[in-house]
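Below: a set of structures, written as structure tokens.
First chain A sits with chain B, and in the next complex the same chain sits with chain C.
For the complex of A and B:
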């Protein structure tokens, strides 16, 4: 008698969670079905299994150059945004800066603006300055919207940081650089890494800013995909989506395996 | 099996080699001497493939220049955001609606002088009509795409879309973002009212089309037809003919009231630093030897009346005086001036 309400509550809990997981994963399942279905349109049930869309994707010079460019830009953005975001977070949390809250809001402001406006503004700035559209302009644009993610996640870790550990290291004779690299950095690493993962995904999937800043003849994967679906909405799009999903998952799993993210998250 | 004609770089250059040599010989010496860069917008898909594989290399070789293409939309806001004396593009390739937006703001030259682009003398009148900016190099015909396996008789009139049996099975476009949807709205004004600008009649007719499935892009409409999600939809002929020979149960129908022209337009920017090269590009794109392979690759109707298409394409595309007489061109300048009001009204109709 006593266990019944609990069982019902647990069943309700599992049902709600199951529904949420289903809602989150269903689009991916549909994309996978579309990517493997031989028909050049979404059909359910699928009429067979084929890898022709993956072959089309991987054999297309346009898709491949776009994928390669997106990966290179995302890698640069991860390095830049992680460095800038982590340093900003440290300065804001530790620097006793006047107007630190205002500065934090300022650094987070790219998230509050529609990305398309950020893209248009950067584009106008580059044009008016006579710079044109170099690849580094694209990297700067992506970095601008990626930095707030690193900043936010690093600030979250710093909020619970016990500074006495650093003080102990200093008392034991470590210089400031050694304290930073051997004490501070390892402890804030979960926030920095989480921010880096966000930065990679934000850059790799970035469309509104890329639309304005892509280089002629050098377009990122989301831009190429958008242009493609205007004329050819076939399974190659789904194959490209699956590749993107797999790449994002691979990045997360690799970081978890190499750096042991899970252990840090438990902290 | 594919209906689209495959075209290798080698065969293309071979086919166009003679004409290219003649044109190059006749081209101004300044063009042959320079190594300037021409910046132009470009479509993706099969069009983009053919352009990159054959047309652009042929132009670069002939004029000893580099062509930079950009296919990242939106073109017009980018052109707006660029100084007029240093435009982002030398040649704007887009549909007529966007060209008019740019022309009104002085971002592209509204007319092209035949002295600068000699091949304009050979285009059909619609390509340089008063409804146009620059010159149309190709056009598609907008009518209906429909399923042939659902017992449907080929639609004959634009009014057939309102047939009750197509409720929930008919398709058009999200009018604020798609020019085919905008043209369809104007056509409703023509067939149900006093003309293409009779918006009251158009709104009433649109109300009668509910429930209707609306799409962002023509590519989505094509797939909706192929999958059977819709049985009839507003579509350009090339969106159907590209599946020719693939045994798909879809066909194109040209309504008796006429088909709408979806032009592929080229216009030169006034501030271009390589204007001669820009005109040369427009002239090149109008050349019969360039128009033919492009038209046959993507099923666009060439605007140069001297183009001789293979029988398969000749039978279907709009390439004679009698056929192009069926094309209806809309007044985009008029539409663009009212676009915000139209968008708001249409949103209310389709939401309600």
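For the complex of A and C:
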């Protein structure tokens, strides 16, 4: 199709696709408008530019303690899920395990099974065991949904690199430990880092699991935002939303540079 | 596949932490959920619990709950259909994009919404669809509407929000399948005199059918388990299964009934996920990673 003069069908094709991209991105862009608009409720068109909503968000103790909790949980989840996920990927790709395929499906399943059920069932078990809702429960719940991302990005890297590199190192006299630390580990690093970025975002934005596992007064940012939106629809939410949007955009750019987003599609 | 016959290597032990995590906090809890759904009460505080099917009967006996189940499936179906119609052209464009930069930018445009928090994206739709939101204000300003159109606090709003959230999953599934279609087949059809529309309808579309099916199953599975979007964009006028599940825990603290609802949702999801994996692994012939 390329190289041919623009005809009507081609123009229609591009218009439709342009409209779809607009549909995807416009809601995200509109949030910025409301974050900067001074009216105390959501009103369009905007009447000016102000930073008062950012001030309100960053000076509210409720929002800040939630943001702080979300960041702490996400940091723990990143450490746990990259360690567990990368080890799991290596075992699945290099361990010659029987049933590796079935195991991969199991470890990836939290991506597709309803997260609300992961939250509900974890909550039911902790309640029954009399443990209640400690912060580590929240961390464990988030880790369950973050591990599949690390697993996926690491497996993608492992599937792409030539196993003969490792074999060559072994033939040249490196012992298995040396092969692992000096060949395998550096090669999978981009996949693990990409997985860590996904893990952070997934945990930071996680809602359905947190809903069941947070305690009153100890809520994560998405839970606080959800409760706030039900009663108030002002610019503070838009300002808070910008935090999530900026994180997402940063992640996308980082991922493209580290691993190439293309690898994500092959999956 | 020669690797299959090799000895299990010591590296296999690295699966242990993941296995432990999943057995203790994923498989075991689902077992607890299923067990609670069959018990008459809390087995820890009450030693006289009996096995019962009453939680399941309650779901199918009550009009309210049964309607919620139907509404969930209806919203899921409509969302899936629209996501397919919107996702297919974009996936096709992306799969056929020759410019690397164009491809990367399109991918960013698809993945950026995916990584933005679900509460944030739903909030964005509230600002667009509300009575005083962007769309209604603009329509009134243009003189098209005397009173605001009811765009949210109904199923319409829920579907719009869900489509926006799940279109990227449809696109990412379709891109892989469309990208694998042998272009020479299309060229052959053109060479034999088929016009562009006929080539698309009789060659490209049938060959991308596995992707269409897989993407639809994925979006349907995700849409029926959504919680935030139905709550915020449906308000009090929409009740779905996930909303009901959370209600049973937060308001009624009825863990048994919540468990029964969970088992029903889990069963539906499991069937969808297995079908999705089976279809995609047949298409790609590779180890299925998603």
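Convention: the second predicted complex is superposed on the first by the 217 of 267 C-alpha atoms of A that agree within 3 Å, B and C clash if a C-alpha of one lies under 4 Å from a C-alpha of the other, contacts with A are read in each partner's own complex, and residues count from 1 in each chain.
The rule is simple: a contact is a pair of C-beta atoms (placed from the backbone, for glycine too) under 8 Å apart; a residue touches a chain by one contact, two chains touch by 3 or more.
Remember, predicted model here, so these are calculated numbers, not experimental data.
**Q** Mind working out whether A:122 is in touch with chain B, chain C, both or neither, as first, second, both or neither?
**A** Touch partner of A:122: chain C, not chain B.
**Q** Tell me which partner A:41 touches in the superposition: chain B (first), chain C (second), both or neither.
**A** It touches chain B and chain C both.
**Q** Among the partners chain B and chain C, which is in contact with a greater number of residues of chain A?
**A** Looking at chain A, the partner in contact with more of its residues is C.
**Q** Looking at the overlay, what does A:233 touch: chain B (first), chain C (second), both, or neither?
**A** both
**Q** By the touch definition at the top of the document, which applies to A:208: first (chain B), second (chain C), both, or neither?
**A** Only chain C; A:208 stays clear of chain B.
**Q** According to the stated criteria, A:112 is in contact with first (chain B), second (chain C), both, or neither; which is it?
**A** It touches chain C, and chain B stays clear.
**Q** Just chain B (first), just chain C (second), both, or neither: which does A:88 touch?
**A** second
**Q** Going by the contact rule set out at the top, does A:130 touch chain B (first), chain C (second), both, or neither?
**A** both
**Q** Residues of chain A that sit at the chain B interface in one complex and at the chain C interface in the other, please.
**A** Touching chain B in the first complex and chain C in the second, residues 41-43, 120, 123-124, 127-128, 130, 211-212, 226, 229-230, 233 of chain A appear in both lists.
**Q** Can you list the chain C residues touching chain A in their complex?
**A** Residues of chain C touching chain A: 3-4, 6-15, 17-18, 21-22, 25-26, 28-30, 32-33, 36, 42-44, 86, 89-90, 93, 96, 98, 103-104, 106-113, 115-128, 130, 132-134, 137-138, 164, 167-168, 172, 175-176, 179, 196-197, 218, 221-222, 224-225, 227-228, 231-232, 242, 245-246, 249, 255, 258-259, 262, 265-266, 269-270, 272-273, 276-277, 286-290.
**Q** Which residues of chain A touch chain B in the complex?
**A** 39-43, 62, 120, 123-124, 127-128, 130, 210-212, 214, 216-217, 219, 223-224, 226-234
**Q** Would you mind writing out the residues of chain B in touch with chain A in their complex?
**A** 39, 43-48, 68-74, 77-78, 81-83, 86, 88, 217-220, 222-224, 226-227
**Q** Where on chain A does chain C make contact in their complex?
**A** Touch residues, chain A against chain C: 1-2, 9, 13, 16-17, 20-21, 23-25, 27-28, 30-31, 34, 41-45, 83-85, 87-88, 90-92, 94-98, 101, 103-118, 120-125, 127-128, 130, 140-141, 143-144, 147, 151-152, 155-156, 159, 176, 180, 201, 204-205, 207-208, 211-212, 222, 225-226, 229-230, 233, 237-238, 241, 244-245, 247-249, 251-253, 255-256, 261-262, 264-267.
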